[in-house]
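Let me begin by handing over the structure; questions about it come next.
In order of appearance the chains are A, B, C, D and E, and numbering begins at 1 in each one.
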Amino acid sequence: ERPPIKIGFMVPLSGANAQNGRDILNGFLLLLEEAGYQAGGRRIQLIVEDDEGIPAVGLTKARKLVERDQVHMMGGPLLASSAYAIAPYIHAQQIPMVYPVASGDDLTQRRRSKWIVRTGYTSSQPNHPFGEYAYHTLGHRRIATIALDYAFGWESVGGFERTFLEQGGQITKKLWVPLSVHDFAPYLAQVSRDLDAVYVLFIGRTALQFLRQYQEYGLKDRVPVIGMGTTTDEHVLPAMGDEAIGVTTALHYSGALDTPANRTFSAAYRARFKRVPSYYSESMYSGGKWLLTAIEALKGNVENRDVLLDAIRQAQPTGLPRGPVTIDEYGNPVENIYVRRVERVNGVLQNTVIATLPNVSQFWKYNPVDYLKQPLYAR
Amino acid sequence: MTYLITQTLNGLFSAALLFLIASGLTLAFGVMKIVNIAHGSFYMLGVYIAYTVILRTQSLLLGAAAAIVVVSALGFVMQRFFLRRFGNDPLAQMMMTMGFALLFRDATLMIWGGDPFTLQYPGWLRGSMEAGDVVFPYYRLFVIVVAALVGVALWAINEKTLLGARLRATVDDPEMASAMGINVTLLSGLVFAAGAGLAAFGGVMGGPILGGYAGLDFDLLPLAFVVVIVGGMGSLKGAFVGSLVVGMIDNYGKALVPELSYFTLFAPMILVLALKPTGLYGRA
Amino acid sequence: MGARRLTLLVVLALLVIAAPFVLSSYWVGLLTEVAILAILAMSLDVLLGYTGLPSLGHASLFGVAAYAVALLSTRYGMNFWTCVFAGLVVGTLASAVIGLIVSHVRDVYFLMITLAIGMVLWGLSYRWIPVTGGDNGLSGIPSLEVHAGLPFAGPTAFYYVTLVVFALSAGAMVLLVRSPFGLTLRGIRENEGRMKSLGFNTWLHCYLSFIVSGFFASVAGVMWAYYNGFVSPTYLDLTASSELFLMVTLGGPATLVGPVLGAGMIVLLKNVMSAYTARWLLILGTVYIVAILTAPKGVWNLGSRRSA
Amino acid sequence: MLQITDLHTYYGESHVLQGVTLAAARGTVTAVLGRNGVGKTTLCRSIAGLTPARAGAVVFDGNDITRTPPYRIHDLGISLVPQGRRIFPSLTVQENMAIAVNTTRSQGWDLQKVFAVFPRLAERRQNRGNELSGGEQQMLAIARALVARPTFLILDEPTEGLSPMLVAEVAGVIRRLKDEGTSILLAEQNAAFAVKVADYVHVMSKGVVVHSTDPVALWQNEEVKTQLLGVPAAVSPPNTRPGT
Amino acid sequence: MTASSTAALKLEQVSRHFGGLKAVDGVSLTVQPGERHALIGPNGAGKTTLFNLISGEFPPTSGRVELFGADVTKVPAYKRAALGIARTFQITKLFPALTVRENVLVACTALDRRRLAMHRTVASCTDLRDAADRLLESFGLLPHAAETAKNLSYGDQRKLEVALSMAGRPRLLLLDEPMAGLSAGESRSMHELIDRLDRSIAVLLIEHDMDVAFAFANRVTVLHHGRVLTEGSCDEVSANRSVQQIYLGDAADH
């Protein structure tokens, strides 16, 4: 009997981001339970750490997993800031790691490490095609953006703006909202009523508050809301009301995605955790598959890290809830982007998929080499 | 003009909500010199308890009442059994409230999970008032009125009644107050409970707009402190003026110079303290 | 300080020096963290415990120094001594400027004005993206051993460097609080009005105390930047400042030893506990409450009636 | 009326009252004298419940009040004029008195009566406590205790900082209270003042009562005066009673 | 005018108003170096307020304050102390959590160059410590040197209060009822202590005990309702009819 394979895993499990962290962890737990904590003939031991969403803590926890627990491979974290913080350490220690959620563009672009395989998405990835979609299919010409003021917001808006402008659209105003804001009234007062749409990016409680207040101020019926998928992600959607209906967003996953793989996943997840799966839940369910597939391929012989890394990068896990995915040579997935619109079905809000934009790369239609010569999207 | 009216109304609303949150804090500080780090937690617990009760009973009123009662009781117990022992050690009291804040924060996460939610609007306050181009939600108007009423009531109690004088005596010298026949223990407990209850009430009032979520406690705490500090710790009038000043500056600041959004809240406070080290109405 | 406590300290010191020979690199890393944060906590103690100025923005001074090191070493490729020197100077200058604003503010107001300034500096680190890299911070700071050209490298080497820095800083601060100047700080804490009528320019003393404290916070900041290899706005935020505050008050304000214990307790408690339960925050909260109940003047003052 | 038996009081570890026994009868003035730090204030505080004794008993009107909380003791009719004035700085003169006013006992002092004795307070009635002069604060501290209509009044150095005219005024007040049936415990440094108003005198030293006598006898006992009170032998007995 | 003949203190028409109340109202007063000057008057006459104006606790509403020939009307308290003025407070102001010795040590460093020294311990400044202990000795507080100040009895706290003011070797000493709260014995030794003070020190004393005031002072100023009622030698003042009236209050109500 060989000793178990140790997988280190870190997400925030306390503090403001705890629920998202918990969702990611749940996805992983579901996957491991389905696999019976077993792969390639070896037992799998999962070691979970709470990174509190604080980069320095994340680094300490990564050190703990690597140096004390001597894990073979790792998964996590949630926040891009933590992801950037631990990347140099992971690189130096040569531990294969999957990033299921952290979406900072440069993690797989200008500051990539070969030891890190992203199985989620880059912030701008869904937005490149969505900019074109908004122009051509939705027919929007004049748009204002309101987004959270941090890298996730800048990169998302940046990606959208780029393709939307290229098509000939016009962005009349870009409003940036600090993360600490609760009352969006000062920003809403600046939304002019003759726009075709506003593009928004919010997460968690800000999404809830924003859409609620957007309706409060009578804007919902005048200016449609489009935006980044996190704004109506399933971790907040159940708490929303009619104010969310009609909001159209883009992401690489939807809980309402009507495929056999997703239906199975969704049913299993609901049964196990009594919750609707969000993209966070799906992220590590799928991300974990790269690890398990690689372990299977190596028959459990994961001690050689270079070999293990190659196996992870070469893994082609199938049956992912979100659809087919391949990893590009930069370590980022090429995957479907879904345009979703919030609808009420059987009394419950869901992100109905209204368009599938297939095989979207982090570089969209641009040449990667040229793309990387341009600066990262900023405000 | 429209813009001016809208932003001013928004500012008033911010001020109203800030006042509801800050008045309880200033009360607890005023009477017991307790820098209550758990005040944001009281607000948060108020929202969560109201939410739970409303889910079960569908009654907003019951929800609000339950929130106030439970949180007040919690405050009373906290004061009576934990804070009171350190009556002469403000630092220990503050640390104690910090410990409770951590406890409440994680307990909330454990009990309710970390998903955000909002409370419903009362049915009769849905929709918004429209006058020309000015759109302003009824509910926000309602909050402004309620805050004003609460302010007047608190002021009257503090300045015009014997109870108020007793409270202030307890602040000045608890030992002598007890020698003058005031049951300081009970009074302090009740005041702290009232402060907690006010926070919970603020939570319920803010619930339909801000809702509840993990981290709400520590998001709101600095706001409450900014207001109280600008006005002067322990002064009700200070909390009132402070919330107006902070609400307006923050609102106009975010609207007019969004570049400085991060600073509109704290910069005025630094300015005030740099010029007047005890806030607008505070005494050293 | 009683003989028993002195013995305790000596034994602890020996254990600390011997630690890398028995402990794994992970534990050595944690000890390094403790030592750096202990410097920071002691620097806050000078302000909070001795001068009676409770700062809830102290982490921001530490952060400013760390950012200076990060910026110079990653953007401008400056050499080691320049980076260290710049970190100390920038951090100390920042405290000199902030000190001008806060030195006449007292009590809760001091607590809050420092909190506000901390928030503003945090906002700056968050928003001044071209310089600070925004919320993702700056990474790629060279390792101290390599940067300083030391003949040895690795966690153990860094640990001993930290120990030396710690010993020097702690020694300096111990001397400071026992100096005539240190006595005047305690006088101000006790009764500032009387100090004024005795002829003290109390503003100046508070100001100097703030700068000195800022200097040692900068020392910790420089070490922290090298230790982690990156900087981020979370170094300056309220969570960091309040945790620091807890270290000092839990350990025992106005003792200098207390904050070191506090730093050790909190770092170890957090890291050990969180490995076993996700509810560690709940436990930590309970531990704080119990600790304050049993030792309201801090753990180091447990059982001693004299609190300096 | 008040019976104190073998009272032991501590501040932390320091044993201050080391077995005090004394009694105060209804309608009399009992003085407690002694040099600085012998425990007079501590005795007053122990009776008022501010520093409860660890051993021994304080019995008032048949109730054991040794461990009764201060506010209840106050309600039983014991008022304290503390050493160092301890008025409420942020309350006005009027409010300082208002919170102490006792309305359950029908007769006794009210604001009018107090203002008649201390007209200065009437002038300053809207001023806050911290805006008063030292002497005015002392007047207020006395006034505050009077309006509570106590049946037993503890005065801890009530004459400190008062001008001679007011000292005489206070002596008058004490006599009036006594005539109205109020019992008084007076802790004093000013032995000359104490012997003028007291019916009975206890001298304390190092936490115990070492000498109990009537005032005249005390004043003639040079040994006690010099050793226990530090009064210079040369001082002649008070033969004039200024004021009133 | 030679330096020696410069007045230690010169007040010219100083006033201080609190709202409508004229607590100090046009007071002029001169104290020569080495003079023993008593300030008496009924409660609320403005004596303490006058001290506050001299020591710089707050500025006068109008008028001029001169110390040792320098106009200090707008100079903050701590700088006045550096000129050689020290005071005690009617309501005790100590450093409650410091030991008695540390209390005095702080006071001793106030005007010492080493007050900003961070590089050596207080313990190594033996001269400071000796000075502090001498002072404690003279006040009979040496046995309590290691006690925390807040645990002293009231009388001892009053003594410490006076001791603090003497630490800086002042040239002008303002004593606000230093005997209040002292037992007869202590009061007498305090009296002797002040009496023994270096003859070059000017002392301004507020005292309600007329015997003490007259025994101590060469000159007496009587304040009433914020104004100088009269000023003169002890005999002159004690003979003054209106002084007797307002102060001893025989028959007449003011």
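In this section, a residue touches a chain if its C-beta (ideal position, glycine included) is under 8 Å from a C-beta of that chain, and two chains touch if they have at least 3 such contacts.
Only a predicted model underlies this, so the values are computations on that prediction, with no experimental measurement involved.
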{"item": "Number of hops, chain A to chain C, where each hop joins two touching chains", "value": "1"}
{"item": "Where chain C and chain E overlap in contact partners, by chain label", "value": "none"}
{"item": "Centroid-based (C-alpha) most distant chain relative to chain C", "value": "D"}
{"item": "Contact-richer chain pair (by C-beta pairs counted) among B-D and D-E", "value": "D-E"}
{"item": "CA centroid of chain B to CA centroid of chain C, Å", "value": "32"}
{"item": "Averaged-CA centre spacing for the pair chain D and chain A, given as whole angstrom", "value": "76"}
{"item": "Geometric centre distance via CA averages, chain B-chain A, whole Å", "value": "36"}
{"item": "Gap in Å, rounded to a whole number, between the CA centres of chain E and chain B", "value": "47"}
{"item": "Multi-chain contact sites of chain B, meaning residues that touch two or more partners", "value": "106, 262, 265"}
{"item": "Residues within chain E bordering two or more other chains", "value": "none"}
{"item": "Numbers and ranges of chain C residues touching at least 2 other chains", "value": "123, 126-127, 239, 281"}
{"item": "All touching chain pairs, where touch follows the definition stated at the start", "value": "A-B, A-C, B-C, B-D, C-E, D-E"}
{"item": "Residues of chain C touching chain B in the complex", "value": "54, 101-102, 104-106, 108-109, 111-113, 115-117, 119-120, 123-124, 126-127, 238-239, 242, 245-246, 249-250, 253, 279, 281-282, 284-289, 292-293, 296-297"}
{"item": "Complex interface listing, chain B residues touching chain D", "value": "162, 165-166, 168-169, 171-173, 175-185, 283"}
{"item": "Interfacial residue positions of chain B with respect to chain A in the complex", "value": "3, 6-7, 10, 13-14, 17, 106, 109, 113-118, 128, 130, 135, 137, 139-140, 208-211, 213-216, 219, 251-252, 254-255, 258, 261-262, 265"}
{"item": "Contacting residues of chain C [partner chain E, same complex]", "value": "175-176, 178-184, 186-187, 189-191, 193-202, 205, 208, 212, 306-307"}
{"item": "Partner chain E, residues of chain D touching it in the complex", "value": "11, 14, 34-38, 41, 83-85, 119-120, 124, 131-136, 138-139, 157, 160-169, 189-191, 229-232, 242-243"}
